[in-house]
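Shared chain: subunit A. Partners: subunit B in the first complex, subunit C in the second.
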Partner chain A sequence: MLRYILKRTGGILITLFLVSIFIFLFIRMIPGDPARLMLGEKATPEAIQAITQQYGLDKPLVTQYVIWMKGVLVGDFGTSLRTKMPVLYEIGLRYGNTMKLACLAILWSVVAGLIIGIWSGTHASKWQDYTGITVSVLGQAVPEFWIGLMLILVFCVKLKWFPIVPTGTLRGLILPAFTLGAYMMSTVARFTRSSIIEALKEDYTRTARAKGLRERTVIYKHVLKNSMIPVITIVGMQFGVMLGGAVLVESVFGYSGLGLLLIESINYRDYTMLQTLVLIFSLHFVVINLLVDVLYAVVNPEIRLD
Partner chain B sequence: MFKKKKEIIVTEEMDMNTRFSDFLRNFKKQKTAVAAAFVLLVLVVIAVVCYKVAPFGINEYNYAELLQGPSMKHWFGTDEFGRDIFSRVLCGTRISLSIGFFTVTVASIIGSVIGLFAGYYGGILDGIMMRVADVLYAFPGLILAIAIVAILGPGLTNVVIAVIIFCIPTYARLVRGTTMQLKNSVYVRAAKCIGASDMRILFKHILPGAIPSIIVQYSLSISGSIMTTASLSFLGMGAMAPTPEWGLMLSNSRTYFYTCWHYAFFPGMAIVITVLCFNLLGDGLRMALDPKLNDRA
Partner chain C sequence: METKNILEVKNLCTYFFMDSGVVKAVDGLDFVLEEGSTLGIVGESGSGKSVTSLAIMGLLKGTTGKVVEGEILFDGRDIVPLSEEERRRIRGNEIAMIFQEPMTSLNPVIKTGEQIMEVIRLHQGASREEAKERAIQLLKDTGLPRVESMFDEYPFQLSGGQRQRVMIAMALACNPKILIADEPTTALDVTIQAQILDLMQRLKDKVGTSIIFITHSLGVVAEVCDHVLVMYCSRSVEMGEVKTIFKNPAHPYTRGLLASIPKLGEHVEALESIPGNVPNPKFMPKGCKFAPRCKEAIEKCSQMEPPLFDLGGGHKCRCWLCEKEAADVRSSGDGAHGDCGDGGGRTSAGGGVNE
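Coming up: the complex of A and B.
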């Protein structure tokens, strides 16, 4: 097991190294002089000179990368071009907000997705199943930003149940978290359903029934346990979609998190912030996927063996 | 020797034909997918004729009728310049569908060629290509597209480039997998024995085997591409005013949204219907190509 984890972590480290090179080249890929891009058209030659030296832009690319990486490894991501504060400080202010939103969204979507999926899967080709399928098919086709707008319209403007601008309270988080989780809920429901239908055909299910176990015990003790593996995988894979969705949801609700920060830094051409945010997003994504792989290996010994 | 070659080709062609008729028969059983295909056909027709049939011009300003609700004259109401939202949504179909088809077609061709070569030759080439795909995969969905647009600058052309880059790895991996499977199959080895060139093997013998999965992915990718384009436009990085792009219309509607629901409602519905149909079609195609999957949704 330890060997498997080490092997996977090694693979992830290589990917992260390549990702860091890609992100490093990020600012350098923008056509034109980065210093001028950062400072705008009206910058004085002295200011451009200063920025060029500050970022070591006159040094060879490899040296620049080493300098940048050294900073990144000790947590120094540079200063935001917009606020002149350390990038990490700005991110720290918003980080908790996005995490609260994402955790709440994952929580409700996995719970609801499992319930709908189990309900559909155990009533295959009956009306419960068709309702479940309809909900999940719709959930995957509706853009986050549109659900968000429609929810605000109904619950904040017409019914006045929730504040229009979400505050940090749980009450303010309900609509954004619902919006963000809708896609994940549909995906979890679909995978749970198909996985349960597969498991119901297995020999161990027949054995469990033949033993005279109650249907409820068969489903929850035998079928569900075995059908969770693909569901775990899909939750991990969907996490990335959710991080992207957070950008849209935060923008719709004006919720102050990393997604909104990303949009703001693009609008203000705050490249150091942008670079760090993209790095942080992909780091989260990759680490979550690693955790999912490990969890997968824990529940399914076959994976560990090869 | 020549006779043998002919035989192989003939049996292969017969195989393809029977597979195609099987596929058609299975596809017809998927009622929702057939319905979705029909709706998509209607949408394509709309995309072609939209400028001719739209009751108003897309940029026909009418300051006497600002932000009016749906009526007999303006089915979907009017926007902040008194433009007819129905006409704009109709014409938005052309933008979304053409971007969807174009980006995914280009991405699937580039990705498939990369996958074919990587899977067939293996070695360093394969290693490099798959590493690049890994790196692109390490960026969560939309974030990659946003990052690319941030580098290239806003605008629909750059969105198209971003979406293409974003779709390529999916096809590269898909085709690479099939290629590695088919590389050692009997008919590919037979083709090699009779001296077929690598190019002929790749494009005449291996590629057809990958086509079914490419088609399924094609339909699903188009809905992803349309959604990404609309999302980027919504965030202000895609289409620029006064283009009648659905995402951009939704974005503009936010200012007026407390007083008029219709402005945000109809462009959103257009996105939902289009994406829904491509998803349903993709699911139906997948089930038709592999009937064993019938129970899986």
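Coming up: the complex of A and C.
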């Protein structure tokens, strides 16, 4: 297992290196000049040139990349073109917020999604199933920003149960986390449902029943473990997306996380910030992928022992 | 000699209720299983033999199938009306089953040993240690090598034959009175098949269980069964003792099945086969279900379905050609054929039993 993880880590480094090249090139393809955006409409050409030179934006792309990479390798990700602060400092301010929000969202959505999915899957084509399907279709179909706005309207404005502007406390996190997790909950519920329906048709389920096991034991001991692989996959992927900052949810709730930072950085063509953010998001993805693969092995002995 | 019937199936009707209509998977089936004997149920795919076994096990829940009529007397008690909880206590305990597909019938993510221990602990309330001891003994009885290490392995680490042995150990864990084996050797290599059949015979004598052996192979029947029931299109078409059926098959379908077995040392250009296919259950022929494929069919065959004629000595046959012969035999058990729901007439119980 350890050898496997080490091998995978090598792959992760290569992936990140390739991502760094692509992101470096791609953001420079977006029309718009950071220096001009920084200085405004009325800036003189001299001032723009001065800024361009100051940040080395006039150098050839390869040189710029090498300079950036040299810094990255020693942990210096550069200074934000927009705020003139180190990018890691800016990210650090918001990273915890995004992490908290994503974790809380994933937690409730996985728990609720599993409950609804098991409930639906074990009562396929009965009213319980239709209720479950309705809830999960709603969760996927209703846009996040609308859920967010409605929650603010009802719980913050009318009922005054929650602060309108999230304070970083758990109380302030509840509504954004609920909104962010709604889609995820539906996805987990749907995958769990179909996975359980499949597993219920399997021969080993028939064997379990033929042994005279209680239906509860059949479901929770024999069926559930077998139906978790697709669910783990989808949770992993979604978690990666959430850690990339929930742009809509953060905007609606005015929540200071990586999503808002990303949007602002794009608006200002804050190259250094964008490069670092995308690199971090990619890192999230590959690390979560690795975790998911390790989890597969935990669930499925055939993978574990190979 | 008076023998006890451990299982009596009377006028069993199992229908599947689909959106497209009702499929009569088993329609008015009667047979008995004598204590300590082996009954073979033979038939093509879709003849209702597997559904019969699921009905006896009470495993139709969760499908669209339902026992709509008839009785299943287990040890003299009708188990059809029992609650799910009561059926559950019988399943795996007094009536156990092994399935056709050893490769997929064990749970891939649970250790082999645990899967056997589970059933012992459930029905016998044994402690973990007792259950483990018993499970290991069971596995040893099936002739598996390196049982102790296999105990902590997962099914994917075992071969098909080994898995089927594990299934057998699991089924026999609670010394069941009846073991239903649904084509237990079909998916295995020929050499392994023989070993598994041998094992089942040996354990049957040891445990004293009665066996219902579902198969489409008459060769297997000849080897392991005492009585045989031939099914065609949800009905029994012939039943009796194995040697009677093999020596003197009465139904053209049974004769067709026997003719399609290759014989050792005999060179033939082409094996006999029964022409045509099993009819679609939604468009059953009016008279005898086999008539459209039958070489010997007479006019009557396509008009009226024959009842199960008693040919004496427990030998029964659902064919008009047997009418004369049956009339010569004084029988207590011939009668109307067993259509469910429309008149309630049914064949008497009696399969392969001497009455």
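Going forward, the second predicted complex is superposed on the first by the 239 of 306 C-alpha atoms of A that agree within 3 Å, B and C clash if a C-alpha of one lies under 4 Å from a C-alpha of the other, contacts with A are read in each partner's own complex, and residues count from 1 in each chain.
We take it that a contact is a pair of C-beta atoms (placed from the backbone, for glycine too) under 8 Å apart; a residue touches a chain by one contact, two chains touch by 3 or more.
Small disclaimer: the values here were computed from a predicted structure and weren't measured.
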Superposed partners subunit B and subunit C on subunit A - clash or fit: fit
Subunit A residues touched - subunit C or subunit B, whichever exceeds: B
Partner chain in contact with A:220 - subunit B first, subunit C second, else both or neither: neither
Which superposed partner A:281 touches (first subunit B, second subunit C, both, neither): first
Touching partner for A:244 - first (subunit B), second (subunit C), both, neither: first
Touched partner set for A:130, first subunit B, second subunit C, both or neither: neither
Contacts of A:161 with subunit B and subunit C, given as first, second, both or neither: neither
Subunit B versus subunit C as contact partner of A:146, first or second or both or neither: first
CA minimum distance (subunit B, subunit C), superposed complexes, angstrom: 11
Subunit B-touching residues of subunit A, taken from the complex the two chains share: 14-16, 18-19, 22, 26, 29-30, 124, 133, 136-138, 140-146, 149-150, 152-153, 157, 190, 193-194, 197-198, 239-245, 247-248, 251-252, 262-263, 266-267, 274, 278, 281-282, 284-286
Sites on subunit B touched by subunit A in the complex: 131, 134-135, 138-143, 146-147, 150-151, 223, 227, 230-231, 234-237, 247, 250, 253-254, 257-258, 261, 264-265, 268, 271-272, 275-276, 279-280, 295-297
Subunit A partner contacts - residues on subunit C that touch it in the complex: 57, 59, 62, 88-93, 96-97, 99, 101, 104-110, 118-119, 122-123, 154, 156-157, 167, 170
In the complex with subunit C, residue positions of subunit A that touch it: 200, 202-204, 206-214, 221-222, 225-226, 299-302, 305
